[in-house]
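So that we are looking at the same thing, I have put the structure below in structure tokens.
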Amino acid sequence: MVTSNAWIWVAAFFTLGIYTFPFGDNPVFRFCESCFVGTAAGYMVTANWFNYIKPSLTKLTTGENYLLIIPFIVGLLIYTRYIRSISWLSRIAIAFTLGYGSGFILSVDFKPLFVTQVIATFKDLTTGAITPIDNVLLVLGVCVSMIYFFFTVEHKGAVGAAARAGRWVMMLALGAAFGSTVMARVSLFMGRVQFLLTDWLFLIK
Amino acid sequence: MGLIKPGLIATFLLELAFGVAIVVLISRARTGRKVPAIRKVAGLDALDEAIGRATEMGATVHFSPGIGDVSNAQTLAAFAILTHVAKMCAKYDTRLIQTNRNNVVYSITEEVVKQAYVDSGKADAFNPDDVRFISEDQFGYASGVCGIMNREKVRANILIGAFWAESLIFAEVGAQVGSIQIAGTANTHQIPFFIAACDYALLGEEIYAASAYLSREPVLIGCLIAQDWGKMIGVILILVGAISVTAGSTWLNTLLNK
Amino acid sequence: MQNVDRRIIYIILIVAVVYALIKPMGLPVTINKTTEDAYAAIDALQPGDVLVMGMDFSAGGIPELEPAGKAIFYQCMKKDVKIVMFGMWVMAGDMAERLLTEMAPLFPDKVYGTDYINIGYKAGGAVLLQKAVDDVVEAALNIDHRGNTLPGNFPIFDNFKSLKDAAFWVCLSTGNPGVPDWIKVVGDPLGIPGTIDVVSVSIPENMPFVDSGQIQGIIQGIRGSAEYELLVSRPGRAVAGMDAQSLAHVVILVFIALGNITYLMTRKK
Amino acid sequence: MRKELPLAITFVVGLIVVLANFLAPQTFVKINNEVRTWFQLVSSLFCALGVANLTRIHGKKVSQQSEGWIFSVIMFIAMFGFMITALSVGQQSALYNNLYNNTIVPLNATMYSILMFYIASAAYRAFRVRSMEATLLLIAAAIVMLGKAPIGEVVLGKWVATWTNWILAVPNTAGMRGIQLGATLGGIAMALRVLLGIERAHFGGVGGE
């Protein structure tokens, strides 16, 4: 029993085609790779068109917001990069997005990602979540990890010892990250196998 | 202080102080006044070694700046390292393939590599077809790079910048084709894979230090010193805050939340 | 054994996963406190409250995130909590539509635009969130994923003008933009509680936010999804996959152990 | 003009955002709201750059019939095929949904899922008790793997889950927070450099002057 839905066969072909790659490069993979690059580029355009550009264009042409003409011009300037004589104009589009992007980072990153994280490390050193020394370990762990990243101080003596301890703490953290990622990657594969077995081959329900 | 939103006053002042420190330190570094030396990051020598080996084998060097855009600090650090790599490749007449995921980044790397060849007196050796845009889609890019590593005899694989899940795909495929690999990213969740699968891994901020070290650019050096100061203040705040809380006082929490 | 051909590892892994999916063993799944916290926070919502679901993932995140997304949808509909879905990722609208296609028919009395709505993807990353904090309909450019004009005649917008009117937020995330943006723009400044459902790879980096209380628990990847399915008493694809997970983990651990044993033995020689 | 205008635009736009977010008086909030809408539109207008670049690169390959040009032709068929179909039938049609769900979804998800193979072979190759650091990496990874998969608790008992939670809550939180605090400063420093025009690498050419 297999599905008679041609679309599912297409999806199954692409799935199996990509899976040939870990066993060696081959023309089937290369075919899938080309289809992937092509459809992804096409999707980028259509998704933006339907969800953003078209509705904005409507607002502009119906006169709801005439000011939108400015971002339309600025955004389209990016394409001047293909015309050598005026390619510098594309910098205006980049400058605008970068200005907004960097202003945004300066406005919203510092409090939650630095100040709040520092405050969250103000722990009562006499207790802990699981063992009684957890808070001491956490506070010292954060400090030594940061000390490892001192680049203008030589890693000698006390700083050197702290930096080495920092590397150990980070290795534990990175090991934990590796270990918990295994589950993520197996899930991805399972998702595809579940598709093949359920939707294509009807082997499981 | 009615001028600043309540709850953001301490944040604003700390950030402002950090900003002023950056500007002052950069201008000091620019005018050639004495600034602290930057310690060398392990793995930088390996860059020369890897390119050297690819040269001996008559093979190709691959460089990826990750998949971040130009507003990502890591991408800009990658540009500085790419300059160094491209100059080395130009010097030894080694083929360099540079791949990109972001369109704006692509237009810049093209200029960076070209300029490096010009600066090395090898303008003729620059091949524009070897600086490549692959795909805007994360995994579309990954599949394209996998293909290149298999088909173009890549034996030195340099991955520095902002990487996400594609990190391990590149690093593992690189290892399978027998490349020497040097990789670095500040994206914490991807560092373990570079450590596991590459010969040398730069941890987190080490990529900024590496770019400052290699380029000797006053802007990068001044910034790095300011960041060091910021971290020192962070460590001091944490220690003072933790001791206060243990003693039963939350004055620093209140102050920083003002 | 120091250098087994990698393709042998691949084949054994494939066999293990496929076998466990076809013939599950039914190993028990215990429920983590962080998942319970997330469940309890959503369970405390009142009928009529609005929960905002950030669909910030792409197709690759489906196996890990979708089961929990479905379970949360199920929990909310049972409790008469309304759901507004949108996202900063290009695939957001399509991901939400996938979820609705399967879940909506289970609740024939719940109506699109009254009890739930799919606003879809809008560009701008974190900026989109900031706009939605001021005015959701404007941030949506007056159009939903299905092409309807907003607010139109949809009653869901009667008491939900901006993200400030949300009672809770959930970010389903595979990466960036994602969790930090929700915390920076919605959670912290507005003081609206929220939780996150993240792919396993993002768990460690998000633990500091759980520790600091910036999020209410965390649904940890597919394991968290499986636990959430059990909490709403509706085991689905995530629970079904846990055995395959177990076998795959064992295979990898066995290879790591073999590698180390042979390494130590050759070193002794 | 070619240099100053972009730098001035970056500075003014960035400053508006910063002032709107930090200042208590609401003067800049309204301007910021408008600029925000523009930002979204400008960035979504960049979407066709991919198509333009691919057309340029692969067009050259096809016209020169260089190695693998036939795959470039396939790329073109896929790209324009998807675009034309989607734009003509709209996002709500069954055809669009089928096309999307059975091409992009499986390709994206499958390429992503290849990582299961790579994470296994990387773990096998790299996790050896070579040094103190490598051993710590291995121990943390092994415990977390056992703690995550249900079989760990079944075979080894409750302690695996407890220690997994401990590793995630204590050393992991410490290490990740340490890296993150530094990285945030790096990001802020970068943003400031861009805003003030000290950093110009994004306009081509590395570094400052």
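Per-chain residue numbering starts at 1, and chain names A, B, C and D are given in the order in which the chains are listed.
Keep in mind that, in the parts below, a contact is a pair of C-beta atoms (placed from the backbone, for glycine too) under 8 Å apart; a residue touches a chain by one contact, two chains touch by 3 or more.
Note that the structure is a prediction, hence the values are computed from the model and not measured.
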- Compared with chain D, which chain's mean CA position is the farthest off? C
- Item | Centre distance in Å when chain B and chain D are each reduced to the mean of their C-alpha atoms | 15
- Task: Give the residues of chain A that touch two or more other chains, as numbers and ranges in rising order.
- Result: 18, 21-22, 30, 32-33, 36-37, 40-41, 43-44, 47-48, 51-52, 56, 78, 94, 97-98, 100-102, 104-106, 108-111, 113-114, 117-121, 139, 142-143, 146, 148-149, 170, 173-178, 180-183, 185-186, 188-189, 191
- Among the residues of chain C, pick out those that touch two or more other chains and give their numbers. 6, 10, 13, 60, 62-63, 93, 122-123, 127, 145, 200-201, 203-205, 208, 211, 223, 245, 248-249, 252
- Item | Multi-chain contact residues (two or more partners), chain D | 21-22, 36-37, 39-41, 43-44, 46, 49-50, 54, 90-91, 100-101, 104-109, 111-121, 123, 125, 127, 137-138, 141-142, 145, 148-149, 165, 168-169, 172-173, 176-177, 179-182, 185, 187-188, 190-192, 194, 202-203
- Among line, ring, star, complete and other, the chain touch graph is complete
- Message: Quick check: in the complex, which residue numbers of chain A touch chain C?
- Response: 22-23, 43-44, 47-48, 51-52, 55-56, 59, 100, 104, 108-109, 111-113, 116-117, 119-120, 173, 176-177, 180-191, 193-194, 197, 203-204
- Message: Residue numbers of chain B touching chain D in their complex, please.
- Response: 2-6, 8, 12, 15, 18-19, 22-23, 26, 30, 70-73, 76, 79-80, 83, 103-104, 106-108, 111-112, 115, 129, 132-133, 135-137, 139-140, 142-143, 165, 168-169, 171-173, 175, 186, 188, 191-193, 195-197, 203-205, 208, 215, 217-220, 223, 226-227, 230-231, 234
- Task: Quick one: which bits of chain D touch chain B in the complex? Just the residue numbers, please.
- Result: 21-25, 46, 49-50, 53-54, 57, 60, 107-108, 111-112, 114-115, 118-119, 121-123, 125-127, 137, 141, 176, 179-183, 185-194, 196, 198-199, 201-208
- Please name which positions on chain A make contact with chain D in the complex. 7-8, 10-12, 14-15, 18-19, 21-22, 30-53, 56, 67-68, 70-72, 74-76, 78-79, 82, 88, 91-110, 113-114, 117-118, 120-121, 128-131, 134, 137-146, 148-149, 166-183, 185-186, 188-189, 191-192, 195
- Item | Complex interface listing, chain B residues touching chain C | 139, 164-165, 176, 188-189
